[in-house]
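Structures follow.
Next come two complexes built around chain A: one with chain B, the other with chain C.
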Partner chain A sequence: MTRLVVGPFNRVEGDLELTLDVADGVVAEARVTAPLFRGFEQILKGRPARDALVIAPRICGICSLSQSMAAAAVLRAAQEITPSPTGLLAADLAHAAENVADHLSHFYLFFMPDFCRAEYAAAPWHEAVAARFRAVTGSATEKFLPARTNLLHVVGILAGKWPHSLAVRPGGTTRAIDLGEKMRLLSAIAELRGFLERELFAAPLEAIAELSDPAALELLSENAGDFAAFLRLARSQGLYRLGVGQTPLTSAGAYRDTDPERPLFSAGLFDPTTSETHDVSFDAMTEDTASAWLSAPPVHPSAGETRPDTEKPAAYSWAKAPRLAGRPVEVGAVARQAVDGCPLVRALIARDGGTSVASRVIARLVETARVTLAMERWARALDLSAPFCVADVPERDGPVAGLVEAARGTLGHWVTIRDGTIARYQIVAPTTWNFSPRDAAGIPGPLEQTLVGTPVGDLGARAPAIQHVVRSFDPCMVCTAH
Partner chain B sequence: MAENFGVLWLQAGGCGGCTMAALDRDAGGFAELFSLGVELLWHPSLSEATGAEVRDLLDEIAGGRRRLDALVIEGAVLRGPNGTGLAQKLAGTGRTMLDWVKALAPRAGSVVAVGSCAAFGGVTAGAPDPAEACGLQFDKEVSGGVLGRDFRAKNGLPVVNIAGCAPHPGWIGETLAALATGLLTADMLDALGRPRFFADHLAHHGCSRNEFYEYKASAGEAGARGCLMEHLGCKATQAVGDCNQRIWNGGGACTHAGFACVACTAPGFEDGRDFLETPKVAGIPVGLPLDMPKAWFIALAALSKSATPRRVRANAAAGHVVVAPQRKPGKARP
Partner chain C sequence: MGAPIETFYQVIRRQGISRRSFVKFCSLTAASLGLGANGAATVANALETKPRVPVIWMHGLECTCCSESFIRSAHPLVKDVVLSMISLDYDDTIMAAAGHQADAILQETREKHKGGYILAVEGNPPLNEDGMYCIDGGRPFVEKLKEMAADSMAVIAWGACASWGCVQAAKPNPTHAVPIDKVIRDKPIIKVPGCPPIAEVMTGVVGYVVTFGKLPELDRQGRPKMFYSQRIHDKCYRRPHFDAGQFVEAWDDDGARKGYCLYKMGCKGPTTYNACSTTRWNDGVSFPIQSGHGCIGCSEDAFWDKGSFYDRLTNISAFGVEANADTIGIAAAGAVAAGLAVHAGVTAVRRLTGHDENTPPRG
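Showing the complex of A and B:
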């Protein structure tokens, strides 16, 4: 048995360290460490309730609007107001732009550069892949960064700037746009479609959104485009069998869409071992601190505490371990699409025996196509004669929750307000779920389970398989321990 | 050909948002920097190198075996809990970021704090400051920080503070470009180490709500078009930054989008309370424009309020324009 400490583990958002016990060239045990603690739950406590709109987004520079959306949802619940439907649609549109930008940043900036590494230099595909996806200098970066800039214009128009806007409020959004701005939104989304159809998919978005079975995916892999290049790598490098995850998958439901009764992506719990879907209730969750440098009993976040304790001998991370009905849960695009019934993602999970490096990436890109199509509908549907925001009213006392789907999965804020002041603020972020450490029962978190069995051969910490498995989750470590 | 200007970028106790802003190409992102000779020795979000490759690079720089032209730190340096620095270890190295910053800064040609966290502590240092966060050379507005008030980088400059939360991508790109080309001198920094090309302005300058400000036609609720200063907490007349003279994300800016400036370029902005409401004494806002005598402000405000055109007053309370500019009957429309 050899122990490897892997870090700094970069091209993820924030700080990440792994400790791997390797036997006979495969990972036997994995421990994942979130090495950064800032204490946002303590910083928020004692402040006026609405100051959460200023502080919470600053938890994260890449999921900033997701944090804004969750904080606004908390205040909306406490104010018991009916927000402007137009403002909600505008907020969803800005949020969708952030989420798509994150999915694409993951693919182009974080994930694909691993295939350019020297460890792959002998592969027949290496030269072409490296020319396209090499970190910083690859030709894809040249194309992607302007496309990302253009996409974030959607946020600029609707919410002023990115990251860290204050435009999303309990009652809607603060900027009522005019016809010229609506046309600029449509144009920015049209440019996004152009980039996706030209560079990423080399196919119409509708065709990607409707992909239903793995055989269609194989046909597509012979296309031009960056998605096809990934599909060929997925097949040749065995990425469908790598990083297989079998924990339940969950989603809180994403985007209100134009029908408030039915979100664009539904909420639920999907069991990858049986392909059954169930309703999900986050009332049945706890956050466990057995392996965290924090001391608190395992309780629901509405009763949670945050108290650092760096002396704890068994601890190895700043992250708590959220568990749903006692079990670790995987969240993210693959969970959202499986829960929502995307036939392609469900077929891949059934065939591969769980989520995999490949299906996590594929789900993110299929979701990108589906969300872009929805953004086109929403931008057209924005009613320019309606108010975008209704006024705040005082927050009532008591516990409230705000749940949203960030790019990386389910994000929840559980807050208690007393006399207009925050008495408790507990945050459970997507990567808190995915990269949680062991709980008191010794059950490892989703990544820790998934890494077991990963081949490292003689390469040790340099093994590309480790890089692929970890990055396939698109971790956001600044959110994880916050 | 001139040698490249090698930049090592590390993320301390922050949110990563400064990096996300810097990637925004239409305001001078990384791609433009490369054309001026800036080379990323390593950046945590962008570089291929990982693990041992990075540890070797850090050891070489800290040991003086490799030249470092600029050390760029994003995020506050965490000294806690209880002075241990354990709130952030640099992954894979077993050493705290506090320790690494102290080891690397003396080796650097320039030291740059990107964002208000690295400059002053920022939101990470918000009360009760659980991680004992501070900036590289300031602890809120007090000179000192991790490196001490007398610290000078090899180029003779104190830490260059690209304040903002997050800073405009242009502030980041232009400052690094000015350092790479050797054009940034000590007189171009203000007393808080902020480049004066953006810090000599107020966020208010160029605000698209200017006419409402002139007439003190104020927004009463979120979403209204009026001036945000009187009721909704806007600090743009006190906060430095050329925010409203630039374009954010293709057309935005905080006040343009209808929300208050929270003075994110200022040390200690995180300790504000009720950010979205203007504190008042006897109905008069406490935070008046930076260098305006109070009596004059009150007199002018009263005068301009009494002269407010109906159009401006009506639009100030509405989300959309409800009254368009118009001349008196008989005159040609503008």
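Showing the complex of A and C:
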């Protein structure tokens, strides 16, 4: 048995460290450390409730709008107001733009550059992949960055600046756009579609959204385009059998869509071992601090506390361990698509015996196609004569929750307000779920479980398989421990 | 010493950027730095003849928003060129190397360019518990920061975190996060505040430093004068409505749709020095005030602990540009000479109160 310490990781948001026990060239045990803590939950306490709209987004510079959306959902619940449908649509559109930008950044800037490494030089696909995806200088970068700029224009038009936008409110958004701006939204989304259909998929978005089984995916892998290049590489490198996850998958439901009765992606809990879907209740969750440098009993976040305890011998991370009905849960695009019933993602999970490095990436890109199509619908549906925002009213006292789906998965804010002031603020971010440490029962978090069995070979800490498994979750470490 | 360091021009030519793009970049940089008619030639000459100045970019306690702003900077050419310009000899978020290999690059750059590199710092060090709240590569970030700063030529403090502390330093500041000038005391530091700073301001600052091998002119608070010498309010496109006493009273009300002033919604534009109202954000598309929300003053020291973000300012001057960054700096330093400001503040309150009784008709 050898012990490896892997870190610092780059090309992730924030800092991350892994401790791996390796036996016979494969990972036998993994521990995930979130080494960065700022104390947002302590800082938010005692401040005016609405100031959370400014402070909470600053947890994260890449998913800041998701944090805004969760904070606004909290205040909306506490104000008990009916928000403006148009404002909600505008906020969803801006949020979708941030999420799609994150998915694409992950693929082009964070995930694919690992396949350009010298360790893969002998592989038949290496030369082309390296020329395309090498960090900073690869040929994809110059195509991708201008395409992403379109998404920032969408956020800019609807919400002012990005990151750390301010326009999202409990009652809608502060900016009523005009017809010229609506046309600019449509043209930015059209340009994004152009990039996706030319460079990423080399196929119409509708065809990607309708992919139904692994055979169709095989067929597509002979296409041009970056997605097909990934599919070929995934097949030859065995990425469908790498980082297999068997914990339940959950989603809080994402985007209201134009039909207020049904979100674009439904909420639920999906069991990858039985392919069954259940309703999900986040009332049944706890946050456990057994392995965190924090002292608190395992309670629901509506009763949670954040008290640093740096002397704790068993602790190895700043992250708490969220558990749903006592079990660790994987969140993210693969969970959202499985819960929503995407036939391709469900078929991959059934075939591979769980989520995998490949299916996490595929789900993210299929979702990108589905969300881009929805963004076109929403931009056309914006009613410019309707109000974009209804006025704030005083927040009622008591506990409230706001749950949204960020790019990386379920994000929840659990808040208690008293006399318009924050009495408690607890945040559970997507990577808190995915990269949680062991709980009091010794059950490892989702990444810790999926890393077991990962081949390390002679390369030790430099083994690329470790990088692939870790990055397949698209970690956001600054959100994890906040 | 090893081989001579390449010039910036050699580096970008090697990376396949054309002469034509290079010249265009020089014009853009010159324009953003306000260098006047011969500026482009000056920039081009410097980049063709001087060895490239290495830049090391480090991350402490942060949210990475500065990097996100920077790598999404508007003009793709500027972004490309600046990326290769600083080639980010070491940057955690986007570089290719991993783990200890990345740490090795850091040490190598430090030794090879001793006294000659720029250290760009995003985020800040927490001092409580011996720095345990931010461990990077098994060591407290604060140690790494001091070590890298010791051999640098100068330091860039990116954003509100490195410059002032930002929200993690907000009361009760659980980790004792401090701005970097509390731990780096013997190097020139240029502060580029904002949460995050505007991408064009960041590329402009890097462009200047790398082109001329020195820091641009700074104000008393250590900010580059070229970007932080005017208040948001002075160049705000809604300013005529402030002067006319026309204000937004509720989000997306009739006044909001007419583009009235956001002062009553808590806008901090009158006390905030930044380039948002001229340069704007995300390709010049918009900025917070244009989105119908007040400025929160995110480039100012202690913006996080000055009462609610939605409280109205009570200490602003209504006319002209009486105070500049320097006088604000003097005030901050304790040499308070605030007679004029107090007088103007009272005038403003009187004016605004008067208009309160005469709000423009709605509907």
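By our rule, the second predicted complex is superposed on the first by the 482 of 482 C-alpha atoms of A that agree within 3 Å, B and C clash if a C-alpha of one lies under 4 Å from a C-alpha of the other, contacts with A are read in each partner's own complex, and residues count from 1 in each chain.
Here is the rule we go by: a residue touches a chain if its C-beta (ideal position, glycine included) is under 8 Å from a C-beta of that chain, and two chains touch if they have at least 3 such contacts.
Keep in mind that what you see is a predicted model, and the values were worked out from it rather than measured.
Look at chain A after the overlay: chain B and chain C clash there. Looking at the shared chain after the overlay, A:Ser64 reaches both chain B and chain C. Contact with chain B, but none with chain C, is seen for A:Leu384 once the two complexes are overlaid on the shared chain.
Applying the stated contact rule after C-alpha superposition, one finds that A:Met285 touches neither chain B nor chain C. Of the two partner chains placed around the shared chain by superposition, neither chain B nor chain C is touched by A:Ala209.
Once the two complexes are overlaid on the shared chain, A:Val155 sits against chain B and chain C alike. Of the two partner chains, chain B and chain C are each touched by A:Phe9. Contacts of A:Pro146 after superposition on the shared chain: both chain B and chain C are touched. Of the residues of chain A, those at positions 5-11, 13-15, 17, 35-39, 42-43, 47-48, 50-51, 53-55, 58-62, 64, 87, 109, 113, 116-117, 134-136, 142, 145-146, 148-149, 152-153, 155-167, 169, 171-176, 293, 308, 310, 318, 387-389, 391-392, 461-462, 467, 478 touch chain B in one of the two structures and chain C in the other. Against chain C, in their complex, chain A makes its touches with residues 5-15, 17, 35-40, 42-43, 47-48, 50-51, 53-55, 58-62, 64, 84, 87, 109, 113, 116-117, 134-137, 142, 145-146, 148-149, 152-153, 155-167, 169, 171-176, 293, 308, 310, 318, 387-389, 391-392, 461-462, 467, 478. The part of chain C that touches chain A in the complex is made up of residues 15, 59, 61-69, 71-72, 74, 76, 79-80, 83-84, 87-88, 91-103, 126, 129, 132-138, 166-168, 170-175, 177, 195-196, 250-252, 256-257, 276, 281-283, 285-294, 296, 298, 304, 308-310.
Against chain A, in their complex, chain B makes its touches with residues 11, 13-21, 23-26, 29-31, 40, 44-52, 54-55, 78, 80-82, 84, 86-93, 122-124, 126-131, 133, 165-166, 221-223, 225, 247-254, 256-260, 262, 264, 270, 272-276, 319-321. Looking at the complex, you find that chain A touches chain B at residues 5-11, 13-17, 33, 35-39, 42-43, 46-48, 50-51, 53-55, 58-62, 64, 87, 105, 109-110, 113-114, 116-117, 134-136, 142, 145-146, 148-150, 152-153, 155-167, 169, 171-176, 178, 181, 184, 188, 293, 306, 308, 310, 318, 384-385, 387-392, 461-462, 467, 478.
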